[in-house]
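Below: one structure, written as structure tokens.
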């Protein structure tokens, strides 16, 4: 039981990280109706830029600010040059454009820097916390990674901040209007392009934070781009347009992944099920609710 | 262009429905095939066969397969390499366990991959549009995992890679170098001819489907599934059939990839990156175009080779390192995809058609 | 034409149909008959539930209550595919053509139910596959000629003007040789000339092929001109049902159109 809880808590904590990536997806999907496949590479680009600068003795804070500015500018450029000309195109071509962008950024990031594996140390302690005799009533001893908690707290703060921002500010209101109906939003004078630019810039920032956290955890290398593949089932479960959905989906995927790894892997002849397990979980959820948990069901008008 | 439709009387529906209605086009295609079969076979070097011609055709078939699902039926798939993997392993096991003659093994590998495709296509009946990529990605990861986790599929070889043994290229009739025996299969010419013939047959079959009810149903589902349903097209059946045929092509391509191109069986090759590369080939070449499938395969596969060659030629041998070539291709292909999507969503195939149209009235503007 | 409706046999019987979306009532307890061989117009102000009614008839929407009887068979749940098999074809308010296909292919696709060739026959282009393409092409050419679409046969429909697209959509519906044709605002947004053409096509189809027609139309001139039977809806309820002359003088109908102080 204690072991189960430990696995579950570990899973939920890593799920928060997934949620963070997923929220980037949701923001862009909400505002412009596209799944941004390039997000994984944006994450890599941010982390790689940061780590390459610190390796060249640039101060931690300065490196952070430079990368932050770069990501915001990148987001705005992408909006200008790729997404805006493709406005009103089909979902399929928008998605393909982000896949193309992904490929482009991959080449760029590794061309400008390199494709080596870099260690990243943010200064968060990696020692586990032992919760022994903390819950005498339950009689449980639980070991939890301190880094996981710190990462979850940072991610959670980001998520909370974003939620508040989009719930209580004018920009947030505009974004929700845009996601409801582009045309109507434009008709009442909401500057569509500016909203898109803001969303892409915010996504850039999310990528930076997520990239640093993931980079510290698994080191900065090409494998970081896999973040996109982790985030995908999360938002499919949660619903493509829902921020709460991204959070819940992240927790579900995080927990199910860890639990699956421990309890199900045996069934399937050993290791390595985590790649498809998340997708199978997502698939099961989708078969029950085809638009995700919080996704809106559309009535098709003819 | 110095010939055109104008002034030619079409006298029957049959002649109106020909693949190539213009006589000149037919001659061009016949001449091209004669060139491919006779001149190329007689003169090309082993390098040209093994590193350029065979892989381009094989990838072209896979691209065509993906195009059937995505370009013609509108079902996004990110599992192409996974389905190729199923095809390659199916062919290997059919030859290994049933001692099947290779062309039959290719065919049934396609059928097996097709059935797998139907299984992973089933969610398409309930989930729509973008959500479908979850099921095709699941197929991709499942393929990578299953052939790693169960060495049985690899004849209990734990290294993960098997060089395809010569006896797999089975002797069928006699010892002479005829298309039916191992000597033939082992020469690059032989593999080239087999690949060319299979590719040709698959292209013809695809063209036939596209210009008949099968293709119309695919496109109807792609363009507007509610309307398709209302005129009595079974959307579910059409989608599943498209998945079957699409993954059949991918499966055959996978089997050819293993047997005709690299000569070994390795699940690592059929990874997600390859799935994406094939999707790039579809986008660059043109969604819903047979010609485009091959143009896309030629460009995306050929670009890094071209860059390397150019580098060798300009700066002397071996100056460009692989990392540079790889990053360069990523940037170039990525840019081309974005530019094409913005300017010409029909890809190279559409560019070719517009060029043809412009040439007709050249030198006058049109 | 102009026969009293009672003497004819009903092709379609709608019985107490109610439809709602998430609690919002679109149609409330509507019953009416469409008789064989007639042109029946469904009219009413915007939002009266006319399009929903058509969608119920061919199974795009499934009503919560009521039954549909078509050609003697009773359905609680009509499905679009069943409707097509039973011989109901339709056009849509917002054109629902297959945008990436040519005019010819669009109309050919209307005959898909009559094509029996399997995919492998079409892949090899043998036997039935080849024969069917020729046979059905002949029928489709007749429709193309009737609608005057010869010159744009091979044009992709996306590049055609609105009026022609509507015509192609009618052609696709006709290609199925339906017993009943549902037309959702076939003349909306058309010029006077195009309207005239379209109402001629509709009447000719009705007269020469004997196809029963249910249409939604806002142009009262056209409705009164070509209909044998008019059904009036307002706020999802039926307020009038009968021959045009009778409906025109119905007080409820006049109120619904001109407004009345409650």
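Should a chain be cited, it is by its letter among A, B and C, assigned in written order, with residues numbered from 1 in that chain.
By definition in this document, a residue touches a chain if its C-beta (ideal position, glycine included) is under 8 Å from a C-beta of that chain, and two chains touch if they have at least 3 such contacts.
Since the model is a prediction, treat every value here as computed from it, not as a measurement.
Taking each chain's centre as the mean of its C-alpha atoms, the one that lies farthest from the centre of chain A is C. Among the chains in view, B has its Cα centre nearest the centre of the complete protein Cα set.
As a whole-number value, the distance joining the C-alpha centres of chain A and chain B reads 33 Å. We define each chain's centre as the mean of its Cα atoms; on that basis chain B and chain C are separated by 42 Å. In terms of their C-alpha centroids, the spacing between chain A and chain C amounts to 48 Å.
Shared interface positions of chain C, defined as residues touching 2 or more other chains, are 60, 92, 96.
Annotation for chain A: residues 302 touch two or more other chains.
Looking at chain B, residues 226-227 sit in touch with two or more other chains.
Contact residues of chain C toward chain B in the complex are 58, 60, 80-81, 83-85, 89-90, 92, 96-101, 105, 108-110, 112-113, 115, 117, 119, 122-125, 129, 132-134, 137-138, 141, 172-173, 176. Listing the residues of chain B that touch chain C in their complex gives 13-14, 17, 205-206, 208-209, 212-217, 219-220, 222-224, 226-234, 241, 245, 288. Residues 70, 74, 76, 123, 126-131, 133-135, 137-138, 141-142, 144-145, 148-150, 226-227, 272, 276, 279-280, 283, 323-324, 326-331, 333-338, 341-342, 345 of chain B are the ones touching chain A in the complex. For chain A in complex with chain B, the residues that touch the partner chain are 35, 81-82, 85-86, 89, 91-93, 95-97, 99-108, 110-111, 114-115, 229, 232-233, 236, 240, 268-270, 272-273, 275-276, 279-280, 282-283, 286-287, 290-292, 300, 302.
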